[in-house]
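Letters are used for the chains, namely A, B and C, taken in the order the chains are written, and counting of residues starts over at 1 for each.
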Amino acid sequence: MPPHRRPVTEPRWMRVTLCLLALGFLTLFLALPLAAVLGQALARGVEPFAAALVTPDTMAAIRLTLLTAAIAVPLNLVFGLAAAWAIAKFRFPLRGLLVTLIDLPFSVSPVVSGLIYVLMFGLQGWLGPTLAAHGIKIIFAVPGIVLATIFVTLPFVARELIPLMEAQGREEEEAAIVLGAGGWRTFLLVTLPNIKWGLLYGVLLCNARAMGEFGAVSVVSGHIRGMTTTIPLHVEILYNEYDFVGAFAVASLLALLALVTLAAKTFLEWVHRDELAAHTR
Amino acid sequence: MRRALFSLVLAGLLTAGAARADTTLLNVSYDPTREFYRAINQAFAAAWKAKTGESVTINQSHGGSGKQARSVIDGLEADVVTLALAYDIDAIADHARLLPSDWQARLPDRSTPYTSTIVFLVRTGNPKRITDWGDLARPGLQVITPNPKTSGGARWNYLAAWGWAERTYRGDAAKVRDYIAAVLKNVPVFDSGARGSTNTFVQRRIGDVLLAWENEALLSSRELAEAGVEIVVPSVSILAEPPVAVVDTVAARHGTTAVAEAYLRFLSTPEGQDIAARNFYRPRDPAVAKRFAAQFPPVATFTIDDAFGGWRQAQKLHFDDGGSFDQLQPKR
Amino acid sequence: MSGARVALWRPWARRREALPGFGLAMGLTLAILCLVVLIPLSAVFAMSAGMGWERFVAVGFEPRVMAAYRLSFGGALLAAAINGLAGLVVAWVLVRYDFPGRRMIDAMVDLPFALPTAVAGIALTTLYAPTGWLGGLLEPWGIKVAYTPVGVVVAMVFIGLPFVVRTVEPVLEELDDELEEAAESLGASRWQTVRMVIVPAILPALTTGMALAFARGVGEYGSVIFIAGNLPGISEIAPLLIVTRLEQYDTAGATAIATVMLVLSFVLLLLINLLQRWRAARHTAD
């Protein structure tokens, strides 16, 4: 969202200082690591870089990553909206506990978040022998990868929306209901427009993490080349096989996700430009 | 747009399914064997087709040896496993009973069709004059090795040093332990895997000597020269024996027992041995070894069975919690 | 099952609800939460419970593991604090000011999520190792980052940054100009406006962001192991010890350490969340 002209703002020296601080920090922690990745990817020139991207294994990894995100992100969107609606708009006992439970996947080490599904569905696990008897594969196959991805990205949309919806309160929705709008109508016409930026951030973050998740997926994938390797796993395999350029070339593909983010936001801003103008007055 | 994406995904799924039409084997292997097994797979598929008329597709899975073994234990449906150390296949036998515990006796050369050894990488010109294991204990020297707790390769490194010390100090346990403690004191970084250590040594230029598998050192030899490092072969080293085995239960369920065994036996044929040697593993076949003599300098080796009574014993004594590796860690 | 439970809860609500959809939303939330998170996580507890109390304590609280907890939790706290300050400034600048390249930078904030953690770790080590661009600059000052606990914090700051920026940004964007204008016209100084109007409005989001960054830092494995050096007792993080246990085929031991970490971070997160609710309640009561 473009910064609209604020009626009040800080003195110029303050603005410059803050900008410089922010830029310095981002350079140290974001720009330079990104440059290091691209530097390694292009260490031998553009051709090996491009060649690494079009191998069948890389293509298969991209397909699997897209499929995983296409399942995990919509599911987390539904979860996030439901959770935020219940938690932010209503008061009930143990609300704090529920929020903390939703945060839990973030605090679980990626190593463990893969392990839990192995303990559940693995051959030595609770359900493993039963599943194996029926020929159902969950871990070391696509379902396991999708499950682990849903787990690690579960809190994103909810966590983005809860503070936002709490800050907005419930007066607008109550007014709509009093005026006779139904529940869904109120949600679509009143709530959704109010939270769309937060929702967008949540979905974009969720997507970035779904595509980039390594640790948890690594435990449940089985690393079968061209079949159960996602992009991050493929990067690791290439790296461990001494294919340095290939590993970083594929990694930079994921870094480019940031550009997708940019495109998505620009598009939405363009769609809602009239509204933004109205908001700014 | 969305429909296009959907059909793309669907097409991807369908093609992934189509690849399974013929007989398929899954070979679960460890990290740097990709090129090696890719060549083996091609050669074997051709040989198998010529012999039986069946076509066979071999899928590959690579990762850290211990992690791969754990995946098989937890249900990764490997027809064959080709790992970095016998202990990991023992674990599959012990924890999941997917193959009998005497698996190692079923194939020639105790199921280790190719070998390697542990060598040193030093900076070009060997400025610190590191020629043998004894030099690693010199105060102030920096030794790079991965963590034996997380890396199978590092366990070979550790046991190679231990075996040298046993021979040199004629079994004087106190001296052996002093030596190992002195070497551990010289380790500034414990990377979790072999690749991380190589990177620390070659790219970050940390340390004076890197302990590495010979095949991995040779594999990256072209880059190594550019990076200003060279290989030093110590006076004696351990015979690193990466084992292979058919996972009986899984292969039986897939109906692939015969082809899986043929696949592993193919590794011991002259053709398989030749491919192993070209991928920097020392061949067992003397005739093939002779042809590649220039690539593999002679080195006296001891085996894990002779020097340590096998992997189970070595793992318990040295690497399990409270083992020698934990005891000899310097107090920092 | 959850639908019936929720119906029972409603009478306890403080006032009659005018808004619909609580049952459906709550039911969905609990169902997904149980299926994806709670039931699988209970496997960890069951596994570590099976090993017996004594062995659990021996594995979960041995001195080397304690040192690792200290590093993981201490490092993550420090990283969350750094991210709180820096992330707030970044979010503020990105939302409020306009300067060339702002959009590009805004887009880049998500990078730590998209980049596989191992790649992030390698990239950071490349930068901060003595041979790297930044490590080379810091070396003459005697500052070592890579292969020390400082490196651990650097990696944790990297992976946690988007949490703070992305939770604060939407709230800053939705903040009503009129409140600030009103404060200003009532004679408040800019500093007073920031302190009395803006800070209370964004504080919940900021705490949330910091809590999440903290939680993520505690469990982080992939990026940290490359930069940490992994020396026992000094730069060895707790998740590494879980992996070590797994490498020894000691799943129960691994789950013991995982359980301790899980309970610790759950309690910390719960405290943060309760503190925030309590503060919010007091704030509305004023």
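Structural remarks
Quick note on the criterion: a contact is a pair of C-beta atoms (placed from the backbone, for glycine too) under 8 Å apart; a residue touches a chain by one contact, two chains touch by 3 or more.
Keep in mind that what you see is a predicted model, and the values were worked out from it rather than measured.
Using the average of C-alpha coordinates as each chain's centre, B ends up farthest from chain A. A count of C-beta contacts for the chain pairs A-B and B-C puts A-B on top.
One finds 15 Å separating the Cα centroids of chain A and chain C. With each centre defined as the average position of its C-alpha atoms, the distance from chain B to chain C rounds to 37 Å. Multi-chain contact residues of chain B (touching two or more other chains) are listed as 73, 95. Residue positions of chain C with contacts to 2 or more other chains are 122, 126, 132, 243, 246. The set of chain A residues that touch two or more partner chains comprises 125, 239. Interface of chain C with chain A (complex): residues 9-10, 12-14, 17-22, 24-26, 28-29, 32-33, 36-41, 43-44, 47, 86, 89-90, 92-99, 102-120, 122-124, 126-127, 132-134, 154, 157-158, 161-162, 166-167, 169-171, 173-174, 177, 180-181, 184, 190, 193, 201, 204-205, 208, 211-212, 215-216, 218-222, 238-239, 242-243, 246, 251, 254-255, 258, 261-262, 265-266, 269-270, 273-274, 277, 280.
For chain A in complex with chain C, the touching residues are 1-3, 6-11, 15, 18-19, 21-23, 25-26, 28-34, 36-37, 40, 75, 78-79, 81-83, 85-87, 89-93, 95-112, 115-117, 119-120, 125-126, 147, 150-151, 154-155, 159-160, 162-164, 166-168, 170, 173-174, 177-178, 182-183, 186-187, 194, 197-198, 201, 204-205, 208-209, 211-215, 231-232, 235-236, 239, 247-248, 251, 254-255, 257-259, 261-262, 265-266. The touching residues of chain B, counted against chain A in their complex, run 5, 8-9, 12-13, 16, 19, 26, 28, 31-32, 34-35, 59-63, 68, 71, 73-77, 95-96, 193, 195, 198, 216, 219-220, 223. Residues of chain B that touch chain C in their complex: 66-67, 70, 73, 91, 94-95, 147, 149-150, 188-192, 196, 199, 203-206, 315, 319-321, 329, 332. Across the complex, chain A meets chain B through its residues 60, 63-64, 66-67, 70, 118, 121-125, 128, 132, 137, 139-140, 218, 222-227, 237, 239-242.
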